[in-house]
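Structures are listed in the sections that come next.
Each of the two complexes below includes subunit A, the first together with subunit B, the second together with subunit C.
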Partner chain A sequence: MNTLNLRIESKTERLSYVREFVSDAAKKFGFDDESIGKIALAVDEACTNIIKHAYGFSPQHNIDIKIVTNKEIFEIIIRHQGKLFDPKLVKTPDLKDYIDHPRRGGLGIHLMRLLMDQVEYKILPNNKCEVHLLKKLQVGK
Partner chain B sequence: MFDVKILENNNIEFSGRLDATQTEQAEKILEQVNTSCTLDMKSLEYISSAGLGILLMHQKRLKDAGHAFRLINLNKHVRDVFMLTGFDQIFEIM
Partner chain C sequence: MSNFKIDIREKENINVIDLKGYLDAHTAPELEKIFQNLIEVQKFNIVVNCEELNYISSAGLGVFMAYIEDVRKHNGDIKLSNMSAKVYNVFDLLGFPLLYDIAKDEAEAIKKFISVKK
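The block that comes next holds the complex of A and B.
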């Protein structure tokens, strides 16, 4: 098992750095360009949600990003100490309603679920919250 | 890095990476469009859901006013994001 760690400030200006960090790791792990693009976008969406909803755009907080690889599993764990929320309350958006009432936001979690093999939210005892994003490497492809 | 330009014929070009940091810059230009418009995305390398959201808002605004809003020259990654979200069924993509 290998791990990589990155800590960023809770600013959207750091998103491009996060995408580079995750893309480099995904490339070294063996993913093709299409999968690398999907993983980087999913992590961007998760971090954007944390910056926006958990920290309310307040930049003095941290977001910890850990990549754990084991055999064919590539997992990104994103930890924060901001406002907790229940992802089960986030329904898959009704596209017709979204078209009729377009708005900023509301697609991020839906997109993460489409891009990754598994998306999980965990609440830790010390008021920390983790988003787990998992992608399997398709061996032989 | 993201850039947005108004071209001749009131068309627009996006280039670079459109994430949550850059939506304000994109929106300032899109707000100025009040007629049918083509958005050239040939140099747009990346788009997140924040970018999709503002494109949809302005597509609806223009459509409600009787104008067209076309997207052209999407690269594979950007096109894939539109397809994954179903937005390829909403926008006129050429």
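The block that comes next holds the complex of A and C.
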């Protein structure tokens, strides 16, 4: 098992650095360009949601990003201490309704679910919250 | 150093926005301002040329979502062109090719506006 860690400030200007960090790790792990793009976008969406909703754009907080790899599993764990978030409250949007009534917002979590093999939210003691994003490397592809 | 750039120009009375680089939650407000300004001066026929757009997240998609109804209400449109496969895949994943007119290139997008006017 290998791990990599990155701590960023809760600022949108750090998103490009996060994408680079995750893309480099995904490339070294053996993902193709398409999968690397999907993983980087999913992590961007998770961090954007934390900056926006958990921390309300307040820039003095931290977001901890940990990449854990084990055999064919590539997992990104994103931890924050902002406003707790109940993912059960976020329904998968009805895309037909979205198209009939375009509006902004609500697409990030849906995109994460489409891009990754598994998305999980965990609430830990001490008001910590984690988003787990998992993608499997398709061996032989 | 900014990793995003917007240029705006006029071609055959159509407003063309050129996007370059990475459109995410950090850079989306710049695009938002451009749309606000265009709508303020009643410019509702807009082509977004994505030839040099390397990346889009839901924050970028949200800007298009926020203004599409507004411009269509005024008989205008936001047409997208020259998308790379990578950017198109994000639109496609969400089923957005049903919502947006995505043209192969800028000339085709402009032609669609002109043929509607005739």
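In this text, the second predicted complex is superposed on the first by the 140 of 141 C-alpha atoms of A that agree within 3 Å, B and C clash if a C-alpha of one lies under 4 Å from a C-alpha of the other, contacts with A are read in each partner's own complex, and residues count from 1 in each chain.
The rule we apply is simple: a residue touches a chain if its C-beta (ideal position, glycine included) is under 8 Å from a C-beta of that chain, and two chains touch if they have at least 3 such contacts.
Owing to the predicted nature of the structure, the values given are computational and were not obtained by experimental measurement.
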Query = Sharing subunit A, do subunit B and subunit C clash or fit in the superposition?
reply = clash
Ask   = Can A:Ile73 be said to touch subunit B (first), subunit C (second), both, or neither?
value = neither
Inquiry  = One more residue to check, A:Ile51. First (subunit B), second (subunit C), both or neither?
reply    = both
Task = State whether A:Leu6 touches subunit B only (first), subunit C only (second), both chains, or neither.
result = neither
Task = Have a look at where A:Leu95 lands relative to subunit B and subunit C in the superposition and call it first, second, both or neither.
result = both
Ask   = Does subunit B (first) or subunit C (second) touch A:Gly108, or do both, or does neither?
value = both
Task = Examine A:Leu15 and indicate which partner it touches, taking first as subunit B and second as subunit C; both and neither are also allowed.
result = both
Query = Which holds for A:Leu41: it touches subunit B only (first), subunit C only (second), both, or neither?
reply = both
Remark   = subunit B and subunit C footprints on subunit A meet at residues 12-13, 15-16, 19, 34, 37, 41, 44-45, 48, 51-52, 95, 98-99, 102-105, 107-108, 110-111, 114-115
Request  = Would you tell me which residues of subunit A are touching subunit C in their complex?
outcome  = 12-13, 15-16, 19, 34, 37, 41, 44-45, 48, 51-52, 95, 98-99, 101-105, 107-108, 110-111, 114-115
Note = In their shared complex, subunit A is touched by residues of subunit B numbered 17, 19-21, 23, 46, 48-50, 52-54, 56-57, 59-60, 76-77, 80-81, 84-86, 89-90
Request  = Show which residues of subunit A lie in contact with subunit B when the two form their complex.
outcome  = 12-13, 15-16, 19, 34, 37-38, 41, 44-45, 48, 51-52, 95, 98-99, 102-108, 110-111, 114-115
Query = Residues of subunit C touching subunit A in their complex?
reply = 3, 22, 24-26, 55, 57-59, 61-63, 65-66, 68-69, 86, 89-90, 93-96, 98-99
